[in-house]
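Below you'll find a set of structures to go through.
Here chain A shows up in two complexes: once beside chain B, once beside chain C.
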Partner chain A sequence: MSDDSFDVIVAGAGPAGSACAYALAREGKNVLLLERGDSAGAKNVSGGRLYTYALELLEPGMYLRAPLQRRIVREQVMLVEGRRATTLDVADPAWGEGVPQSHSVVRASLDAWFASEAEAAGAVFASGMRVDGLIEENGRIAGIRVGEDEMRADVVVAADGVNSLLAQQAGLFPDVEARAVGVGVKETIELPDSVINARFGVTGEEGVARVAIGCTEGISGGGFLYTNKGSLSLGIVFNPEQAAANGRQIQEIFQDFKEQPSIAALIDGGTSVEYGAHLVPEIGYHGIPKRLHREGMLVIGDAARFGINTGLVIRGMDLAIVSGLAAARAILQEGTPTGPAYLSQLEELALLPTMRAYAEFHGIFGISRIFREYPALANQALGFMFNVDGKVPPPMLKKLLAVVKENVTFRQLAADAWKGYRSV
Partner chain B sequence: MSIKRLSPEELLGLDRFNVDEGHPHILVDKARCAVCAQRPCLTVCPARCYRLKDGQVAFDCAGCLECGTCRVVCKDKGVTSWAYPRASFGITFRCS
Partner chain C sequence: MPNILVCYKWVLDEQDIKVRPDDLSLDASRAKGKISDFDRNAIEAASLLVEAQGGNVDALAFGTQALKLSVKDVLSRGPNRLTWIGDASAEGADAFVVANVLAAAIRKAGPYDLILCGEGSSDMFFQQTPVRLAALLGLPCVTFVQKMTWADGVLTATRKLPDCTEEVRVAGPAVVSVLGEMNKPRIPSLKQVLGAAKKPSEELPLSSLGLAPGDLEPRAVRGTPKGFLMNRRNIVYKESDAAANVAQLVASLKAEGL
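Presenting the complex of A and B:
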């Protein structure tokens, strides 16, 4: 075997690519893992939470070696209406016990670690390498091109992210549609751990994850906030088509969110150290391309548009890792066609069944009033009930009905309830 | 000190870029942008690489965060070519 020939070439050292390379290399496969950034993670942005089961699936106990931030023990949902906010806080210490359910992560450190794990397992890792094209021979993908260099492999795994230019080049599926993605913007804000713990009501390495609705000027989307070690990840994801129609620059809406009093109090005194943006697959199961493989090629992770967003739970990195493992297992099954084996592994490892279980959830986000009217309604109704001004209050039921009518008609309410019911 | 609202320039000023001078990784056809009625790029590019200058769409790929949003939302195919920057160029995220 010559130097530039491998069993498998994995393009992209995000969680999907590194998981795949790791699982192949530990079984003795000759794997090349390529990353276009100067280091793994250098080109990646994510909200910032990894569900730990995926690392456990790859190798029990592996998460203990990973540079994870905080284990999430509080889940918060924030309904925003201008300066007002109503926040639901769900705390369950059990989420942090045993193998914690999830951790906040910072991709620059997580991805760099993951790629180094693949390397330690025997994969050849090369960063600063942009895959420029594919080698196609006799109807199969036979390798990749990096500049003038050609590298060959039995299988090329496209783990090149949501834009997956490689899968497009392979003719597997067209460019991602605007309606199928969200554009996320995010600031990383440094704060001392003692301040984070005090403000968020956690101790040690416990952490908080928050989603927010009502902070997007009515655009389909929502805010997020994750506590890390020594920093917070704060951002918003927008539906790009609706954001364009709204007409106000998305980073301006995001800066408004920083000034929302309930958010401002949490980030006060912090130092913004980085600004990032990324696309995320948003529509779940129905957004998965029909063809995820062809002879000599598999598509994994964001490139395959694996993602789940229930409004409360947002999953991507875990599915990426599981899909990387599924691809590796398929490749390791000698004698079976790799593509179909990959799809069966995605079933066996519960990725596709899980995405199917949430297949219609995206319909919830088709209820446009979720992003403005309902958060407003909640804040106005609760605001009224907490209000004391020394005057004789109006009858409670009458006032609450008035608050509802101010925001939605009963016809809309019924239609939205039906749509919500149909979606879940 | 209280945390401030940041302008697009200040936000991008936080980031580390290595701009590939003379080799833009995104090519934009101004003639097509001139007839585009919607111009979603002006609103949704998180780095504001697309701006209106004298009624025309002006594009500068310095500051591009490589997210792909412009490619996805472009209506009249004004984005004629979209690739990632050559290796070692573009954004390097350190703590995202």
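Presenting the complex of A and C:
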């Protein structure tokens, strides 16, 4: 290895970048993994959920070494209307058996671990290094610039997150549009494990993931909650355009969510230890830029806007890892053009086919009433059925129809049903 | 061309240390390590000097095994090689022990024209290690240095004293302790970080230094430090009448006995 060149430079040590660097380094490639933060994970707060299959694809059993939090065995959907909430709780122990389906993770520790795995596999890791620009030569990307220093590589892998500056500089695609992303605010709230287990009805290292709708003042978006070891990750994601039009500060809406009685009871007595905001790719398959590569460069992870949101399942980290592996495999296929090989690996590893399967799902979120009227309807209808006040109740069907009418017209209901049907 | 040694301490970043509100004990469980602030100035001073007029810089540190985390950082700041002594006993070491260990290591690795230290460490700030080190090695010691030059084997240093500055000249070898205003430590560049990976670093076992048990027995024993939390009353006087607010404030201050 010469002093200023590598086989591959990976910009960004998130799950995508570290997975890519790891897969390349273990095959003997000279890899430089660069991270803008002071350490990997330093730019990331709080956590989320990682579907385990992605780590299994990278290396079977690797998840056993990872600093994962709790294996998710309960999935919950919460419909919020003001103070009221209706929560659906789906518990399946099978999700926690064998190789568990998913775990909650705290990115600060996960990312640090992942980068150290890449380093142990032989990659050179340097943090506190922001890639300031690309070196372009004869129409191809030939390296990167960090401050005064230039560093050359056969391939530069852009894993620099949802508003990828490198992809923009390479002229692959413009900065992300407001309609294509969600703004997430999240908080880590510390609580003793015994309290978490009691409040969420889990034992040991089992955990709960919850999504919430109806908590965004009608703005397209929702809340989420994950149980970690010794903490909860609580947050809310919204469409930034609608949030701006709504006029209220995001943190105010988040504060209301924290004070919603059913959420307040879960976080009561906890200490907020971290707070942050982040952009997430929101519109799925249709949000993937047309060009994810050019000669000498591949784009992976959030930078490539890989993400799935079905309303119930939110995926990003797993797709990031799979795309990192796809890029590594493409680079390892000597003698074939790397870009097309990358795209075919994304097919082979089921990333693009999966995203295509959910391609129209985002249409569901075009039904604006999902974020206010329908959660209200559910709470009012069920609330009525649970109400006892000693008086003669109104006829049930009549009352339920009245509840429906109060929230939506039948024409809206039909239109939304049709839109929903077409989306899924 | 001077042959310089810089000594540094790997400390917990005080920004990451939290005070537990219930018993005011310190929670360092999330604290990351860093090169002690003034030691970073010492490393920078040595590197700048050598980069300007040639010579060599080595680094030396005594600490726990956590020192391993400092290797890349210190070597990316200029020193050509690192010797470190990692031992669990460093956790409770005071300036007496640290100076004994560093002096023994320097006797093995030296001689050096200049031995640079920070004026005091970010965590304990005993301000004793450089002075003790000089005494043990029988060298002159120049403290509170804010500026220095080196020419023909002679160090010219500006010392910052309470009411004046003092310029001193001393023929090397000498021990020098520097202040934070000496320079602005570099943020290592990518090439400096990559270069650091190729520089040699050697771990010396504490037992190899031939120190007697008494040399490793701290004279100062650390108690249990407690944090301080400001206890605010959280009273806001928000009447529209400012005079009424002032009256209320005065009344409540009186009630507090202030």
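Brief remarks on what is shown
By our rule, the second predicted complex is superposed on the first by the 420 of 424 C-alpha atoms of A that agree within 3 Å, B and C clash if a C-alpha of one lies under 4 Å from a C-alpha of the other, contacts with A are read in each partner's own complex, and residues count from 1 in each chain.
As a working rule, a residue touches a chain if its C-beta (ideal position, glycine included) is under 8 Å from a C-beta of that chain, and two chains touch if they have at least 3 such contacts.
The structure presented is a predicted model; accordingly, all values stated were derived computationally and were not measured.
By the document's definition of touching, neither partner reaches A:R329: not chain B, not chain C. Note on chain A: of its two partners chain C and chain B, the one contacting more of its residues is B. In the superposition on chain A, contact is made by A:V185 with chain B only, not with chain C.
After overlaying the two complexes on the shared chain, residue contacts for A:G128 are found with chain B and with chain C alike. Once the two complexes are laid over each other on the shared chain, residue contacts for A:S272 go to chain B alone; chain C is not touched. Of the two partner chains placed around the shared chain by superposition, neither chain B nor chain C is touched by A:H362.
Touch criterion met: A:Q255 reaches chain B, while chain C stays clear of it. By the touch criterion defined above, A:N246 reaches chain B but does not reach chain C. Touch criterion met: A:D175 reaches chain B, while chain C stays clear of it. In the superposed pair of complexes, A:H103 makes contact with neither chain B nor chain C. Counting contacts as defined above, chain A residues 128-129 meet chain B in one complex and chain C in the other. Chain A contributes residues 36-38, 41-46, 106-108, 128-130, 162-163, 165, 175-178, 181, 183, 185-189, 231, 233, 238, 240-241, 243-244, 246-251, 255, 258-259, 264, 267-279 to its touches with chain B in the complex.
Residues of chain C touching chain A in their complex: 32, 187-191, 193-195, 197.
Taken in their complex, chain A has these residues touching chain C: 3-4, 32, 34, 39, 124, 126, 128-129, 146-149, 151. Against chain A, the residues of chain B that register as touching in their complex are 1-6, 8, 11-12, 14-15, 38, 40, 42-44, 46-48, 65-69, 71-73, 83-88, 90-96.
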